[in-house]
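Each structure below is given as structure tokens.
Paired with chain B in one complex and with chain C in the other, chain A is shared by the two complexes that follow.
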Partner chain A sequence: MQSLGASEMNKVMSNKLMITLYIFPALFLIAVLIIVPLILTGYYGLMDWNGIGSMTFIGMENYINAIQDAAFWDSAWHSLLLALFSTLSLVIYLAVSMILASKIKGADLLRKIYLIPMLLSSVAIAQLWIKVYNPANGILNTILRGIGIENPPSWLANPDVVLYAIFIPILWQYAGFYILIYYAALKNIPESLIESAKIDGANPLQIAYKIKLPLIMGVVKVTIVLAIVGSLKYFDLIYVMTGGGPSGSSEVMASYMYDLAFSTNNFGYGSAIGFLLLIITLIVTIIIRKLTASKEDIQY
Partner chain B sequence: MKKMKAVTFLAAGCATAMVMTGCNSESSGSGDGSGDGEQKTIEFMHLWPEGSSKDHYDIVNEIIADYEEQNPNTTVELEVLSNEQYKEKLQVTSTSGELPDVGMTWPGGFLEPYVDGEMFAPLDDVLDEDGLRDSYVEGTTEAYEVDGSTYGLPLELNVAQVFYNSAIFDEYNLEEPETYEEFEEIVNTLKENDVAPIALGNQDRWTGSLWYMYMADRLGEDNLLNQAINGEASFTEEPLVKAAEKTQNLAANGAFTQGFNGLSDQEAKSMFMSEQAAMYLIATWDLPNYTTDETVSQDFQDAVDYFDFPTVEGKGNQNSYVGGPGVGLFVSEDSDVKEESKDFVKYFSEKWGEKSVSDAGVIPATKVNTDNVDLPDMYLEVLDDLNNADNLTLFADVQMSPDVAETHLTAIQSLFGEEITPEEFAEMHDEAIEEDQ
Partner chain C sequence: MGRIGYILLYTCLALVAAFQIFPLLWLVLFSLKDNAQIFSGSPFALPSDPQFGNYLNVWQGGIGLYFFNSVWITGLAIVLTVLFASMATFAITRMNWKLNKFVLGLFMVGLMIPIHSALIPLFSMFLSVNLIDNPLSIVLTYTTYNLPITIMILLGFYYTLPREIEEAAVMDGSSINRLFFTIILPMTTPVMATTVIINMIYNWNEFVFVNTFISSDEYKTLTVGIQNFIGQYMTDWGSIGATLVISIIPVLLAFLFFSNKVVEGISSSAVKG
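Right after this comes the complex of A and B.
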């Protein structure tokens, strides 16, 4: 391709047939692997189906039931809480990456340490934290007892704290990912801008807030969307650590959907929940995009 | 040249897509290739891979070899998958109408959708042949019944027993209880001495359900629990509410390990096996841990013993067990070799009954004559218990439909966690059962 001149390239690209040919493979894959299953999920949601036998068409019944299902809204609330905490934690990640990017000693090593949780599989992380939270022998309660707290909570067994107890490993798991993204974005800021700010007498806080942050705002917006969408459809750690229990107190939308479809053989109802999950995620994404949209794009 | 490139890329893309979407139908070819009428092939799918269940795997191969020798016109083609993959494959092949001729199924709720979809063949004719039905332990074939027909031949049977560490019991001069009141005394003594009385991992929920099931089985006497599950009686009947209340009291009284609702059964098991808890209610699939498993310390194995769940308030019968069959064999309704398959499952289940306990430590669903088998004492005791069993109350999640079972299991966790009252617990069950019918 490199041997082609620019004009020749333009000629190829203006050929309708070529355009179609080039985008077809990707489009085909997306259609077969993503779009079609999405539509099918919505369609199964209209059925009374146990996943094995024959389906019966029941119209919108599953969707109506889902909207009136208190357990579903509980799980949706838990997912939203997770989204909220994930977004708030971005502030901490941003601060950490700013410090890392400001040429402190050992930044390289620290960056790698922060990335370690990303390299572990979710199941390994879950097993690790199950041990940490073990009410009798876990390291957390051992420390708490050591500093004189007599009845430390049974973290994963207590319906009031279990949700927050699980949030911590989830946030920990993704910290490295966001720090890496912010770090890369911060490293892209031209040194000259910061130099001139310093010459103008800006202190480090001002540089961070007034120069660096606006310059990486585009990246920050993307991470907000990633964090929120990722939280809304979050499943793995929760499924392994508590299975949504005790009594549904740590159930999120995706785990609720899984339980319905695969534990109770309500494939139709589970599909309806899955489809609602998609719609909720889409709506939230659109809202976030609207909220964070800004007309001016900062150039440097 | 340019066009060529685009076309090859496109072709490659399509091929990839086809491979990805087409892999399901490709890998599940059926075994009717030999259509000459002479040689028949039975496709048999099971879930005991050589790596994780070597003993099971070997017995299966032995039985098949014997069968093929006796029936030279029949070949049995094996496909072996691990548990979760097995379940997935069964579901996928069922929707595409390509179930194996013979396979394994779980009883109760798991079986139902396959029966509703008319995918499994009724096996009553097999059971009625040569009195096969009578060779099974009471209640096991019933677990595979849907609307009066039996769709599976049970292979395994497990009953729940209270295992205990006799070293700990001896230290505090405790003895096997016969009544619940004695049992409560034991719990209190252990608590006073700062020993965790009972290991329980109630995150898995069926573990807590065992306690309620036993309590309800004892207090409900003449099958009240089963009637309630079938919708013929109410869970709000006094004995069943009392069972829930007693279970809740036991939990509130600190009888179970701290934080039990957040512990998995695996964690509870390791507490019992590391002698951090004195008792542990679990089904007999755990027997190898306490007898033959060489990775477990001999001292611990010597110390472990078990007792039948006690009678409660003088009610119930210690010869009534909560338990259930594990996997069983099904024959596909659409099989081309249905008669041969039926003959094969009959042969298989008979031979399995003879070999499984001595060769793999699996208690079969068929009655075992304990006179001439060489087994650890604990096995012999359990087998004798089963031969003398008066009643088998099936595990709740086996007996109930999946929807009701889910309600039951959630309610169990809430009951143990004191989030609901015994009355609410009863009402949740009645509602779910009524909705289901």
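Right after this comes the complex of A and C.
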């Protein structure tokens, strides 16, 4: 009976028409609206094109221009700084998660509170932090004046500080996300391991560094990839807060591409930058995965 | 660990919580004030004369329409994404065909790529089929770009479904459609709920697609709507605050009632992604 059922089921489940019907909607949409556009970006990059009129094939000119374009490299440098900053802030998230996972009462509630900013739209976050940074009435400068600092900067209008001023809300936005992931991983460590280390006389710092950290290294590596790749393609918050300004001082790769295409109608050149963004992101992803690969079998 | 140690640790955690919450508390406070109270009083003072009118004004001044657009676009895209993703996951995990791993790999490409790289071709494709400034372009892109993450979350659950149930149904002469719609889908309700809420948060907050494909006010969703709206009300902080609070309330309510689902969805999407 059992084998008859299995073979009958194999037959039903091998019905080509039904398989096609079930896979088609998702496959069609992903092929047409994700895969094809990615290939087209590289192709459009070979064109001189304003987005509406006809395209003129100009070979590698856009790509060569991009490589010589100081503004593009500035934006790439800013994206890289953001990636560096995001990776370093993982240390803070990890420390907070270690504390949170060490039998703290109310840990579950706290990690949910930490997560709240992650649920808000980048536009709402950006508009809120524009107000926080408002030079005259923003809460930051109000507090700074309150503690006796006479002339606090106009955070978003000053080219020297604007990029770092934008990093803070990004940290605010993602803190709860990484803490959530680390907390879940730490909670998976068997209690007996910690107990036996305590009996051997290890102090809390040793336990954190020598036992807990190595045990969750797989998850840490995944978060490093997420932080770096996420930073390289970061866009929304910067676009809304400063539009890349003042004069390009907070421009990142994605916002540079967006402005080229949708503000100055330079669709050919914008596509070339978009394709470079794709290639850079893929190369960096592969490099980090190679660098952080280990014998353990980690499935991303 | 000593008592002082615990106090230090709690202080540390409380400071992080304060950092995460304070900007939002301040937002709610100034959404209920007028400019005179905001500019002269202490930032954390309770509003002396709460200006609920701020909310009414912005709602009638256009935010109501954006809100409505966000609701139906978010809702329609959720239904399509979860339906198509469930069908695809069923085909990949339960049906017998050779290319299933390859197709799954193709789907997962969508998790890695920067969406901005696809933006210009998407724009020109929609332009050529007259879908620019048409909400259908938004529904299609939301549906598509959330498929990979939704399939990712569904996969694990589908792999654990027992084969015996399908066998019994097939032996009873049930068709694939009946098996899928009346047996499998109801069994996956818990994980579908997780994907619905994750999709809701993503769609509600999406900005760049609407900003690129939609130009008419009548089709704008909240994210792009408030961006323009705030331009008009640049100096009226109370109205700006009320606008922002209205835009974040649905997500906060969803989190309040389904926080475990949100946590589950976010962590399962991240650890594998």
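Going forward, the second predicted complex is superposed on the first by the 262 of 300 C-alpha atoms of A that agree within 3 Å, B and C clash if a C-alpha of one lies under 4 Å from a C-alpha of the other, contacts with A are read in each partner's own complex, and residues count from 1 in each chain.
Here is the rule we go by: contacts are C-beta pairs under 8 Å (C-beta built on N, C-alpha and C of every residue); 3 or more make two chains touch, one makes a residue touch a chain.
The structure presented is a predicted model; accordingly, all values stated were derived computationally and were not measured.
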Winner by number of chain A residues touched, once chain B and chain C are compared: C
Touched partner set for A:P246, first chain B, second chain C, both or neither: first
A:I104 touches, of chain B and chain C: first, second, both or neither? second
Which superposed partner A:I64 touches (first chain B, second chain C, both, neither): neither
Chain B versus chain C as contact partner of A:I113, first or second or both or neither: second
Touched partner set for A:I287, first chain B, second chain C, both or neither: neither
Partner chain in contact with A:P25 - chain B first, chain C second, else both or neither: both
Which of chain B and chain C A:L88 touches, first, second, both or neither: neither
Partner chain(s) touched by A:W155 [first = chain B, second = chain C, both, neither]: first
Common interface positions of chain A, toward chain B and toward chain C: 12, 18, 22, 25-26, 29, 33, 51-52, 136
Chain A to chain C touching residues, read off their complex: 4-6, 8-10, 12-16, 18-19, 22-23, 25-27, 29-31, 33-38, 40-41, 44, 51-52, 96, 99-100, 102, 104, 110-124, 127-129, 131-132, 136-137, 139, 142-143, 172, 175-177, 180-181, 184, 204, 219, 222-223, 226, 229, 232-233, 235-236, 239-240, 254, 257-258, 261-262, 267, 270-271, 274-275, 277-278, 281-282, 285, 299-300
Complex contacts: residues of chain B adjacent to chain A: 2, 6-7, 9-10, 12-14, 16-17, 20-21, 91, 94-95, 109, 112-114, 116-117, 119, 196, 202-205, 257-264, 267, 271, 276, 402-403, 405-406, 410, 413-414, 417, 419
Contact set on chain C toward chain A in their complex: 1, 9-10, 12-13, 16-17, 19-24, 26-27, 30, 38-39, 43, 83-85, 87-88, 90-92, 94-97, 103, 106-107, 109-110, 112-125, 127, 140-141, 143-145, 147-148, 151, 163, 166-168, 170-171, 176, 180, 201, 204-208, 212, 222-224, 226-227, 230, 237, 240-241, 244, 247-248, 251-252, 255, 259, 262-263, 266-267, 270-273
Chain A - residues contacting chain B, complex: 12, 18, 21-22, 24-26, 28-29, 32-33, 50-54, 130, 133-136, 154-159, 162, 242-243, 245-248, 259, 263-266
